[in-house]
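Dropping the structures in below, format is structure tokens.
Look at the two complexes coming up: chain A is in both, with chain B in one and chain C in the other.
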Partner chain A sequence: MSERRRPTAGTYAVLAIPVALLTVFFVIPLGMMLAASFYHRISGGFYEPAFELDSWRRLFSTVFIERAVFSIGISLLAGAVCIAIAFPFTYFLTRMRRRPHVALLILVLSALSLSEVIVGFTWSVLLGRAAGLSNILVWLGLMDEAVAYQPSFLAVLLGLSYIAFPYCVLTLYPSLTRLDREVTEAAQTLGASPWRTFWTVVVPISRPIILAGFLLVFVFTLGSYLIAAILGRPQHWTLSVFISDQASFNANVPFAAAMAIFLTALSLVVVGIVTLIESRTRSLA
Partner chain B sequence: MDARGGLRLEGLVKRFGEVEAVAGVDLELPPGKLISFLGPSGCGKTTMLRMIAGLEQPTEGRVYLDDQDITDRPPHVRDIGMVFQTLALFPHLSVAGNIAYGMRIRGVDGAKTRSRVEELLELVSLGGLGDRRISQLSGGQRQRVATARALALEPRLFLLDEPLSALDANLREQLQVELRLLQQKLGITTIMVTHDQREAMTMSDLVVVMESGRIEQVGPPLEVYRRPATAFVARFIGSTNLLEGRAQANGRVLVKGAEFEVEGGLSDHEGDPVVISVRPEEAHLSVEDAAADNALAGTVVFVRDLGELFECYVDCGLEQNVVVAGSPRDRVPVEQGDRVTVRFPPEACVVVRA
Partner chain C sequence: MRALKWLVTAFTIVFLVAPLLVVAIVSINENRYMDFPPEGFSVAWYSALWTDPAWRSAIVRSLVIAAASAAFATAVAMPLAYVLRAYRIRLTPLLFSLGILPFMLPPVITALGMQVFWNATGHVGRIENVIIAHGIFFSTLPLIAIALAMETMDSSLREAAQTLGANPRTTFRTVTLPLLVPSMITGYAAAFVLSLNEYIISFLVAGFSVETLPIKIFNSLRYGFTPTIASVTIVFIVVAATVFTFSALFGNLLRFLGADPATLERNQA
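Up next, the complex of A and B:
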């Protein structure tokens, strides 16, 4: 057995750098935001230190609750859409021959280099009337005249899923690469068609990683701001759009701060609940 | 005995790009027997097994099971049970869940499945462990689960791909005997891939020795051991002395000036190069230094006494030292540097293809 060495001053020094960075750029701003949520708003765009619950009370307004439910709903939906596409995609990707495998992987990962702004505006053009996809359908004679598919709920969902897809693939990829090929072959020698092998072996074995990918997309899209702003109508706005709208245009920083804190807490709660359900069913199985 | 499970391979070829893994194999295997594909790694034995299972598509040739052409059938409709080298157990299912998997896929009803699982657990001595998770089992127990799972649907063919390679030596020998007894009890046609000649000798009715994608020899294990067809087989199965000589007009072989009479006579023409294989335990040592037929004179280079067995290495002027082995009872008192004569009885001199 190797003796466990006591951490030296050097070990702490190395750790100090990320700890300091996290403190300065994450913990302190979060604390400032928490404080700001209790400040008093002065109409005209300013606020002053105070302790009042006005902003928090506003969280109980119908408008806000509606936005919160909508945001969580669309993010969960985006998570489901991403997993439904990314899981089979990644599985078949890892089963491909090396050359097409690598080529496809590079293609998917290159989508990571696109910023949210570019993705948002590209889809807004593609789904628009002037130069959008419907023009192709018209040209093919499948449609009488070009239409706009955005702004709409589906356009927002599409945009969010598109943005999150490569991250989802990246989460699933390592574990699916390591999935023992002989395990799926064993299922086939036991009478399972490739399709049933996928459902009775590949999916159940991958349940933890499917959940991880799903949660990643959920948290990631919950914080997305531009996609909903570009591709949606105000009724499709997510909480993030609403928050920035309050902070920048209505100049109500205390309310925006309260909503931001609430959003963070909410996403933690959802992640917690899903993880809890997973571990519960796991221990029962 | 059940006559199901006769297998015939015709002109089987498998190429992976430039590499020819299996280079034209014709083979007929009788039902109800245990057959080993034996050879060094990369000889094509696993590829052959995978083609029989349907996990690999042959480049050329056909596979017949009970005279039905199954070459183009995918694995899930081939009626086979297979134990994989990694065992490939399903980590998300319990022991019973693993064994019941095939029956669940076939839609066998619940009560029937449960009683069959119990029966199989007893068969592989795992009674009462059905609820365990795979991660809670030892290596030997996992091996037994994989065996039970493969046999659950009473397949026509039972395929084993180095099934015991993950186990330590003692357990491996024990499970070799267990697996063989199980196979004899069920009378199921079984094909096992192995690179371990002891394993093949212990378990098989028939050994198929392979090298570089081709079959070198097919036969019962003892026959393959006693009468190897090629120098490769002689070296791969057990150890051997290879004596190179030339055929003579009188039907004998001339090795280093000594005439050798060989088992079964000689069919080669005068002057042809001939290779003779003699097992170390068939050769004898004597201390007198007299030239005779079927004997070579030499100097003792090294003596290894292992208690149960002694081995003597003799330099007879050949490329390699001649090895003479025997039980301690037959031990001739020799020491390093002694002049000795090694005798090779004619019935032990087997002519092999180079």
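Up next, the complex of A and C:
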């Protein structure tokens, strides 16, 4: 589409439909959630219109700060784990012949399409005591007794890294396929070893996209609910689990709403940074 | 470096496949409990998916929600993507962001917003609430797919139709729309698969009355293990792998994922 046409009244009528739907079912609910964060909670799971700052004040409580710091920390860690594996993997992938290249992409996409509940379940089996890793080690005679590696912090971290890994690969993929072989060959002609080329040429060129991938994993895992709920103990719960728990089982919607607004603001800041990075790399290309 | 390449690739494959392999073994275990090594071979847990009415109704319910919400998502995305890319609209960046935002934010935010919204209307715990919530949340996927197709569309095709006397309506129906169908299908399929897997929105919107497949799996996990969970997992994986294998064989998967064909060819040489 080279040149864009001048809109007519009909154009606006067509445009009005999706905009109205998004307004009614997204913007208004978000606004109502913001309003609900000021409402008064009545015991028994209800709330009534009011204007009080109780729920917002609870954002300064130890229990919330603990959850927020834990969530941000484990999501940053998952981002680091994902990038550490996904970056070299995607780099090598884009340099493979077509057949293994496509096969590995299908594997990545299949992992991507798995429901969080399924990922949580598969890791709980693998790290469990009934039919998991330790059972295989016992069967091989390498261990005396089967042990359970979950629920634990490490299990949550592994699960989060697993669900975010495919997204991380797909973020890195477009720009790494565009990294021309000539660039790395030039470095090697000048005497750099492949290892040195990777560290001094490939990684520095890719710095913006590495940061974008890292931040996307961060936002993505921040939103994960089931992984922490299945593979962790309550002290490993992320903000999303805590919010949902307040909204459903504890029936404290105003507090859940205040936390959700906090999470929205945090995510918006990170998404804004990613967009900025991506528009900058695009203008360089 | 060559050693590192194999190490990283092998590690990634093991990381992605290991949990699935363990579950595949569990799913064919004759025994009702998890055991290793498995005892006997049985496909009973696969047939239970369809013969057990609780599992079957969860599967059917999830398929209905996925099909309807993906259609709703595409219906929201199509006019938005088309108008914003074909016409000069002043608020284009803002309106496009409005379509991207739901998916960019953690799902728990849409989930809670929708819960508050439906509570206020008094229309609570219905399947259509979940369909609308999913449709809005996943409309970003067809929106991006269709907008990309509009950006790369050759405008000379439309001009040719108009030179030959077609009015704008006929041009849209006979030229633009058919060219957009593949990306509409791509967007629909992506929304369908993700809706099928979605948990937290369904749960907060109508989790106690509309039991979708992920909710059913999670509930069964809480009340102890049944091998049916393992067999449904394997079915999911096989379906996903088949869909992507077909799109690699018959569509241009690499291009869709953002690869640059020219550079790719040079690098693979």
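Methods note: the second predicted complex is superposed on the first by the 244 of 285 C-alpha atoms of A that agree within 3 Å, B and C clash if a C-alpha of one lies under 4 Å from a C-alpha of the other, contacts with A are read in each partner's own complex, and residues count from 1 in each chain.
The rule we apply is simple: contacts are C-beta pairs under 8 Å (C-beta built on N, C-alpha and C of every residue); 3 or more make two chains touch, one makes a residue touch a chain.
Every value quoted in this text rests on a predicted model; they were computed, and no experiment measured them.
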item	value
Partner chain(s) touched by A:62 [first = chain B, second = chain C, both, neither]	neither
When both partners are placed on the shared chain, which of chain B and chain C touches more of chain A	C
Which of chain B and chain C A:180 touches, first, second, both or neither	both
Partner chain in contact with A:191 - chain B first, chain C second, else both or neither	first
Partner chain in contact with A:28 - chain B first, chain C second, else both or neither	second
First (chain B), second (chain C), both or neither touched by A:43	neither
First (chain B), second (chain C), both or neither touched by A:207	first
Interface residues of chain A shared between complexes with chain B and chain C	180, 182, 193-194
Contact footprint of chain A on chain C as seen in their complex	1-2, 4-5, 8-9, 11-13, 15-20, 22-23, 25-26, 29, 33-38, 76-77, 79-80, 82-89, 95, 98-99, 101-102, 104-117, 119-120, 132-133, 136, 139, 150-151, 153, 155, 193-194, 196-200, 203-204, 207, 214, 217-218, 221, 225, 229-230, 233, 236-237, 240-241, 243-245, 248, 253-254, 257-260, 263-264, 266-269
In the complex with chain C, residue positions of chain A that touch it	1-7, 11, 14-15, 17-19, 21-22, 25-30, 32-33, 36, 85, 88-89, 92-98, 101-102, 104-111, 113-126, 128, 130-133, 135-136, 139, 162, 165, 170, 173-174, 177-182, 193-195, 198, 219, 222-223, 225-226, 229-230, 240, 243-244, 247-248, 253, 256-257, 260, 263-264, 267-268, 271
Residues on chain B engaged by chain A in the complex (per definition of touch)	53-55, 74-78, 80-82, 84-86, 88-92, 101-102, 104-106, 149-150, 152-153, 159
Touching residues on chain A, where the partner in the complex is chain B	180, 182-183, 185-194, 196, 200-201, 204-205, 207, 285
